[in-house]
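What follows is a structure written as structure tokens; I'll ask about it next.
The chains carry the letters A, B, C, D and E, assigned in the order they are written, with residues numbered from 1 in each.
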């Protein structure tokens, strides 16, 4: 579904992604793990069109999207839940969700999706008139996911959805991710919390200082000693 | 201080934001040298509680005292000078200052040279600055940051920024150190290192530490006691063992099983 | 814009070489009162074009313009530049008394004549009992016009009470108002209201409402046309129907457009020049000006700029030299020079003695009312 | 960093300044420099003081102040009163000007305790306008027509004031007190939490900055023969602000270089009065488009010459404190 | 009493003009976070375009108003694309300096092209009678201006809060990257903001010309500054705030002038501004949200 081949991304002089290649198949959950500053967010931003790769190819459903502007990419069915939630703090929950469906014209479909999102996150329904800036961290994360779902994406990019969340909420969020996946949405999940991520993913990639250093099924990787030592902690 | 008076005593403290009681009726006591955890769901009021302790917000009810001295209504910088120092949940370094200068800023209130002595470059300026520099480098060494001391803080990788925040907080020579999610955004490996560091500085500086964290491995691993906040109120207090098995905490925060 | 044909030069050669004589123009070409400076420059450019047709004893006058941005510090650096860099033999400028005063010390110490076309404050040429011998002006000084207006209001219009609205940022306006007030009260009239505004204001309704409340027989408005136009328009709208009067600052075709013909009825001005004047000298000027500037009718600043250039040219001619001290002497001795703004003679304080005319606006046209000679 | 080395650098800089000023004085006396250039030189000096003093407030402390002309005005009028009305000597006038402006700085420092960003900007702008209007209505100093002032600003006075301003501000900046100010700019909440008395340092920055703007006012008044309220409007404040930003926010040498460069450009453009302002505005726009961080960015000239230590400069790119 | 009411009426008329300019100001300001100092100059350009439409093209008031609004919208977009867009990631203070540069450029560009002399709007383009109630004169024009500003305020408030483009504007204003991820075209949204804001400035220019007659190249400076003050007074980015701020400023000025303090007028206005800000640091309508720590 998504095929990334040999992309290089720079921030000025900083070479953030060095020849990264990666594939995602329809219906999968793929996770990308790596330390701080490895380039995970950079990769997601590049897929979404917020950053332009210097070279290399990104193909989404066999169409070239590398270097296209974000809105064109969103339109093709890729949505991102950005790192740190980035909800529109000065707008209500409802308005945030409306903006998620910004490019869509089908009023009926939008209405359906509103209901779907509220079903997935009943909390959001309770708070639909509240300014999103005043939500708690977990609620904001739910909103960010709901907002991305409003675009009816076929590929959902999640950037550290568990960051800063209470253990209970982390579990909830991961359950929801699995649920979203079941409804047919393909997922690329970036996580620090590698244990959790590997537990729900089909396949995984490991990224280190801008390079993919390992890839395989989730199971394979969680068994690898090297990976365990570096990312899964000594416990 | 006598063994009787706790270092920090918070009685019935609370604050409202409009209609919202973000923190209410909280009682906390920390003894000299303790390492205590503060946990609770998102939005429970943990950070807000830190803000009350450090004077960022003025409590609308209750009282806070450090070593017997009341702190309510004092300006944040005064509270810092009296001995409470903190880190922030969302990192707040002085981005365009060097790592070394970040630490020196925190050491500022301990410096003795006046503005005039600096303007006229009197001897006290040079000796004062020299002392600051030596002290600051000492702190950075503990945190293994001396190698990057001339880098601008904003250019550090995330993990080092977190450590620098702690180093900076320590440079203000606090009696009580407040850490707000120091392990956020760290992978398990880095979290391990952080745990060791926290234990180390407690020993070395004879500190009392209050720590907010969502990483249960860390909290349960280092804390002697834990307070649990939910909806602005304390719902539990006890040893890690007690907390782990407290049904209220499990329901509100932990979920069924914890590793 | 500024259809200046002359260009500046900074090579600082001697003025005599190549048969040109350099004079500077230190004017407000940008900034707050740019419109005055630009009008003056248009007048100067036209005059120099005419003068340079034959030249002065074969020499042409070259104008070196300088933009003082309507600021005194800039005016000073302008005067310094014109004198030390461009080596001009005399300076025309500036439009306002303040910017002119800023240059006095430089002009005096360098012995370069400084001629302001429109700086009317008394102490420009004569201050603290001392004559600034290198400083001259082409325009009236303030007191004379105010006196003429007061006499006219009290004696001819039989006004017993008067109100004044003045521009407190302008020496010119304050000077006129002061002399009007003095004469009017001396005659037995009463000033029932004094209001002030600051140049560039656009809304005068608050002050005018106060004036209306005082029910004066007569309103004196010693200010420049840009504000006067609005004052008259807004005053009439608020129902102030009595006679209004002002000085040559009113004189611009723009005034009629701003105030509107109807509102302008029952208003008078004292002036030394009027484009409607049948004097052939004036008509010739108006014709030439219109030809050069796309049919624009010249206003008082245009005329004063034009006259200032002739004033200096005449002095250079009589001095028979481009030596600044000689030009200064010739300027001081000017007597009976025929200019657009009247016959020019200087008194001992370097102030022009010109007769004033009183004009009345009728349906937007200036009509001659009477002529007053200075005592 | 050893202090001896620093002191050496300091004295050698001073020596350069003294030699430069003596040579220039000879050139002036000898008439090699005609008075037009001398005038430009004086303007440059005054602008350097203004830029340096505003640099302390905006560049270092991060307080977005756009009423600097107000302090300039206070200094100009105070000094003019001292020399012209009271007949006291010029040095007294310079000090009086600085003190009067510093008091004004103290007053305007007070709203800064509550206002941030744009709200502070508009309050300082308002303050500048209030000062101007007060002088406009104050007949003792000539009201709108202003005050005539004798020419007392001489080259030695000017160069001495410029040198003192730079030394004091640089010394202040490169000390724990300067770092305290920078920490306020970088993150006020964190600075407060780290024990910095933010109120004190914000007001202090205003007071010191205003003091030197006042000194510049004294030099200005006694250089230009006349002072009028119209010379101190908000556009003048913008002119000073432009120097600081074009130089590079947070860079002292940038402010100085910008003051020199822009004054020269402006002087040069006076040869082309018709297009002067059009070109000047284009220069501004183009400079900002191509170097939005200013000429020097956040660096100091010393970091190129490797004299002192690295720059103290820099302003947050999300611009929380120095918001425009 | 009669005089007092007359002064109040004077103040409200003056204030509606400030409000009209402030509306566009505050909108651009609220969304792009840029103090667009050139706004006052777009207002001036609008006044001139209206003037030439009326005198040269011989159009009536309303066609002239529309032409001016359209032209200014285009002009505003052009300014944004050329001068501000490249600075989107720079400090806001850099953008402010550019805005000052643009402002000077428009002012002196206009002077270079047509000179500094003023122009007078023809009288009676809008034949409105003035009312007289108990001796208080209310000109028809001032009622028209007040009505126009109120109407535009409501329209603007509706656009920003209820329409899709308005929501996109607010999203862009809060977080540009997140807005891009929603599929919002940030460039077009910002252009739309400038177009609407500048069209309002253009409208204000024509209305100003009609009401005050005199227009000149530097006419935008003071009203621009006053409108900025009004916008801040009401709370940056808050549309009804700009309206209230403008009216308040106008009334203060009129009352100060009426009590004989016309020379202190601006000083009093600024003192009131500073006092209000001290007690309400985010303006009259602004919520003083403290940064969450």
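Throughout what follows, a residue touches a chain if its C-beta (ideal position, glycine included) is under 8 Å from a C-beta of that chain, and two chains touch if they have at least 3 such contacts.
Predicted model, so just to flag it, every value in this text is computed and none were measured.
K.L.:
Looking at the contacts, which chains touch subunit C and subunit E alike?
P.N.:
Both subunit C and subunit E are touched by D, going by the contact rule given at the top.
K.L.:
Going by the stated contact rule, which chains contact subunit A and subunit D alike?
P.N.:
Intersection of subunit A and subunit D contact lists gives B, E.
K.L.:
Could you compare the number of C-beta pairs in contact for B-E with that for B-D and name the larger?
P.N.:
B-D
K.L.:
Computing the C-alpha centre of each chain, which chain sits at the greatest distance from subunit D?
P.N.:
It is A.
K.L.:
Of all chains present, which has the mean Cα position farthest from that of subunit B?
P.N.:
C
K.L.:
If you average the Cα atoms of subunit B and of subunit C to get two centres, how far apart are those centres in Å?
P.N.:
73
K.L.:
What's the distance between the Cα centroids of subunit C and subunit D, rounded to whole Å?
P.N.:
Taking the mean C-alpha position of each chain, the two centres sit 37 Å apart.
K.L.:
Taking the mean of the CA coordinates per chain, how far is subunit D from subunit E in Å?
P.N.:
For subunit D versus subunit E, the centre distance works out to 32 Å.
K.L.:
How many angstrom lie between the centres of subunit A and subunit C, each centre taken as the mean Cα position?
P.N.:
A distance of 74 Å separates the two centres.
K.L.:
Using the touch definition from the top, which residues of subunit B touch two or more other chains?
P.N.:
In subunit B, 56, 88 touch at least two other chains.
K.L.:
Which subunit A residues sit where two or more other chains touch them?
P.N.:
Within subunit A, no residue touches at least two other chains.
K.L.:
What are the residue numbers in subunit E that touch two or more other chains?
P.N.:
108, 111-112, 263, 293, in rising order.
K.L.:
Per the touch rule above, enumerate the chain pairs that touch, sorted by label.
P.N.:
Result of the pairwise touch check is A-B, A-E, B-D, B-E, C-D, C-E, D-E.
K.L.:
Which of the residues in subunit A come into contact with subunit B in the complex?
P.N.:
Residues of subunit A touching subunit B: 35-37, 135-139, 160, 163-171, 192, 194-195, 229-235.
K.L.:
Taking the complex as given, what residues does subunit E use to touch subunit B?
P.N.:
It comes out as residues 293.
K.L.:
Residues of subunit E touching subunit C in their complex?
P.N.:
Spelled out, the residues of subunit E in touch with subunit C are 3, 6-7, 10-11, 13-14, 108, 111-120, 122-124, 130, 137, 139, 212-214, 216, 218-219, 222, 253-258, 260, 262-263.
K.L.:
In the complex formed with subunit A, which residues of subunit B make contact?
P.N.:
On the subunit B side, the touching residues are 39-44, 89, 157-159, 181, 184-192, 214, 216-217, 252-255, 258-259.
K.L.:
Which part of subunit D faces subunit E closely enough to touch in the complex?
P.N.:
58, 64, 111, 114-116, 118-119, 121-123, 126-127, 129-130, 133-134, 136-137, 189, 234-235, 238, 241-242, 245-246, 249, 274-278, 280-285, 288-289, 292-294, 315-317, 319, 322-324
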